[in-house]
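One structure below.
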């Protein structure tokens, strides 16, 4: 969308507008800070291609990452917005897309912790626009079937999504989407982090390994990334295409 | 706490203050609207008894329930605050407990959807008070071990926590904590709801069964409620007691 | 209301919903912190019984108590919300009751200082809903006639409402509503506090007696509590019943 | 203050700065909309003269007037801010006076309904500045003794402060402070309004007389205005002068 | 407007209401703090006279002055609101004028830095009221023609509007509008300040001359003030009068 | 910055972090919506290279464009945030960079209307961090000398910065920075828009030409873009480098 002129853009208002949301968050020694944005953006472009949709510029600053699913504020480079600000950004962008004539918005989320504030934004916007506006959101990992997960974790056990941070799925997707940004030689083995049944503040420095990796990325590959991408994109396209001609 | 005089209260500032947070949310035809509050409050009292802690009045209005884990705004009686307002209530109460001399606060949550806004409140408060204030939160179902879950779901399969709404665990806990409030004769069988990999607004009326039950409550019992309560309380007491004499 | 199922609740939308609002505030050595909530709640239940109305869960945290009518922040156990947050809670609950189908809301206030923020909330909500929503609020002491006040203060002079804090009227009402919570043996005599014609911050520690009692509670009785309750309830019922069949 | 140059102003930071707050509110057919501002401002100048204090520009837009003590939104010309905005204005001005070096601020209020939001602003500011900043507020009618009230109401009974709107005290003060603004020939007799024990929204058009006068202004005089002014100013000067050399 | 009774005011709703906005800001050793308010107010009265419009009480506290166009927070007596608060004041006043029946509002601005927040307020209000409300704003210096500027700067070069602070145009206008407030004997010569191509915080104390004068006021006169006033008023009246009978 | 790992990023905290801010705004038929972001970002990278600074991800959604300097909401594709939200984003990002250890932040602005809200954000942040944090902002056109402007406008007269929208300077910069995004064949001649001395809402559809071009882009070239870029970068580098080793 951002590369279009306003005249090109004005012709597309019947289509879905897709807003990718990522984060700036540590992803271990082998992945860059923008992993969640790169992934959300690449999913968005692939879905847009199938549906002839418009991709809005990615929100690259997301909500705070939680200590146990990403390291939170313990690592430099994790640059977050408050929940309220993320939510307000989304509501105002929905208002603007609506004013520009769009009636179908899909929010492609790449960062787990964003979810509650995306949903709050959609709820508030939906109370305003009612049936005149369709709002859908998904996280990229949600449409994956058990079969796909099994295929990806054929060498290592699946540690659960909370610990899949800078690990096999994200690393594989980055190898497929943006191989230049992956420092493969710095992938390390790591003892898996234990999930914890409570949350404590102030956050303790040693709550996760000092590398920021919660689960090893060994066994990642671009092929696995392609599999993850193809499966999720196909599923999301089939969901969204139901609404394309309404 | 609310039944104390201020002089009695003033003697307790070395202890944990426990703030239970629930919701007003439909829980099917057999459970009252205040299930989440009753459960959070009862956990709070049991923990307080073990730790000689103070229980603050329960926040009985929680955050919006999501359509697929409770029915959201589709049912009368679901009376919600916005995320921001819930968060602000919590932050201001933390400020007040701090001014009254407390340095250890535990938030006992009984409603899944509250979690993100409780955590945001704790994060913001913790940035203000730093190491001078200990803040801990847990949901009642998080400290449960796999063994306990297996014991409770000895007759029916565990549908996952998202669908355990007005189902076996909540009904069992209510049978144990507040049997008068359970309409046992209205427990119904229900085809389990399927989880969904995306969220859509406006919410469709038929997204969950018209009874508001996502998974049947058959096989619930006060004994199972006691087991759930005893196990979780024991675990939480052991966590909190580490900090009691600091 | 909180003990109803959603199906029971859904049948009551033609009735008034009554929202009691109290506070957590010091009430001397003989009364608990929740006096204002207990009183507001008991009034609400008595009115609801007469009018077949629904009582929503009490807001137990109120606005800051002023130094000269309750001790303000000088006493532990006074746990307040800011005016804005109290006001926002009320507005959001009105929104929710409206969405659930209610068109008549009565707010029963038990804490003097809440009043300005309740009124602001009603004004803002009323601008939104106009004639489609009836909003009424009263403090429990306002409907009392001079005769009732004279009858209650037959042994001690009436010090004015501002100083009637933890004194004869509140103590009598608590003796009637919740005798278990009254520590009668700790009722003390006290030199009356002088009202002051200005407000100064920071608040001086010695502005009110160290017990938190502004006026003695001697001469309180459950009979006087019943008289206060019966008189005010009768008056409020007669006011509200005018609107019951509209 | 506003007529000073910054260099003149910079010499006065040891003194009190006085901030008058009024309103734009109907005051019947014989008084202008700015009565509350004129009165607050005149009190401020008289006090400032005695104490060598600085008077800041008056906040001429106040909080909403309540229906039963001024006519509220029923009359054109009543131009109000919300409570939050009034409060925020006050807090920000306190911040600015503090940055400019002032450590003593007196807020002279001329409009009853402003009070709760002034007090909330002072409470919030005082939590920020603690003992380093003295904040005092008074309404002009609070320092009046019973003797003064008796002297002013020598011909008509005192209807209580809530109904003293556009009536004897305000009219007398305006006759003294700003006789040009009083339309004496339009002073009318009026049946006194009854106070009401509850507040209802939407506000009914006929809740107060169509003239906006709650109680007659007959018997007002500039002499009574002078008496009211002299008495209140003397009392307030004696209160504030205690703090002048600290 | 503030000197009207509500009945007089109610007859004027077909007219423009003019809201002047100024500031409290240092204006060198020869001008008072309220220069921007005095100028905005005087323009407003002159325009109102021509158009039979209503002038609302001036907002005397404006937005922060920038260091390089007025000295910002470096000088005592500069008493500012935040941008958000100024904006909220304006939006709420627009709401109130609208409720009172006005459909044409003109905001006469006297302080450069207010502009962005006035425009934001108008944009937000206009989204609410659409075509039913006409909102216009201008700064007093914008309608001036090059001829007028040349005539005023016949002795000194025009330094650009940013540096015309407490200089020839403002001093001339004050000599014409409020000669009593001009300390002519304190007008000083000053080396002109250089504009700067970036903004730096914290602001350096020596960024502008210690007198607060960015450009000398020598050559100012009441005649030049009258010329500036007459020219701008005439232009603004011709703009506004297009809308007077719509 | 976004392509770094957290470990690489952690080594750079002595350097400036540069935050580019652009907009999504119509730029005529020959330029894409993201012109302001592309330009701000390219300036940021060139400056960062000279100073070994870190470039944070660009804020691609800016504040509303004004009707007369870009077309405002009249054109599809102009997707704006409110002033408050832009300001809050900036404040929160400053907080985060500060927490990560940075003490020098430069905000490179590419969109005229952002300026007031960037400055408000810097002012608020600077009050919080005082001398411990250096904050600088500039618009790309401000450091240009008259000589450079004369050299660029050697064929067409300079219409003033307000009308230089999608015109010679922006088009030349885009030809230099991102030639693929310029549709040269769609550059049109256009009668220049007249600046206007007031702002009116609702905005009239015909206030600017229907193409969105305020001034022709003929005579643009990549060479002129390089000249503009080299000159401004050199100037900004010389300003910022003064602070590099402090």
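When the chains are written out, they are named A, B, C, D, E and F in that same order, and each has its own residue count from 1.
In this text, a residue touches a chain if its C-beta (ideal position, glycine included) is under 8 Å from a C-beta of that chain, and two chains touch if they have at least 3 such contacts.
On a predicted model such as this, the values are computed, not experimentally measured, just so you know.
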Enter the minimum step count from chain C to chain F; a value of 1 means the two chains touch. 3
Take the average of all CA coordinates in chain E, do the same for chain F, and state the distance between these two points in whole angstrom. 28
Would you kindly tell me how far, in whole Å, the mean C-alpha position of chain F lies from that of chain D? 48
Would you mind pulling out the distance in Å between where the CA atoms of chain A average out and where those of chain D do? 56
For chain D, write out the residues touching at least two other chains, lowest number first. 82
Could you list all chains around the ring, opening with chain B and heading toward chain C first? B, C, D, E, F, A
For a test of understanding, state which residues of chain B touch chain A in their complex under the given definition. 64, 66, 82-84, 87, 113, 115-117, 119-120, 122-126, 130-131, 134-138, 142-143, 197-203, 235-236, 239
In the complex, chain F touches chain A at residues 1-7, 9-10, 13, 24, 26-34, 37, 56-58, 60-61, 73, 75-82, 85, 88-89, 92-93, 96-97, 99-101, 181, 183, 186, 212
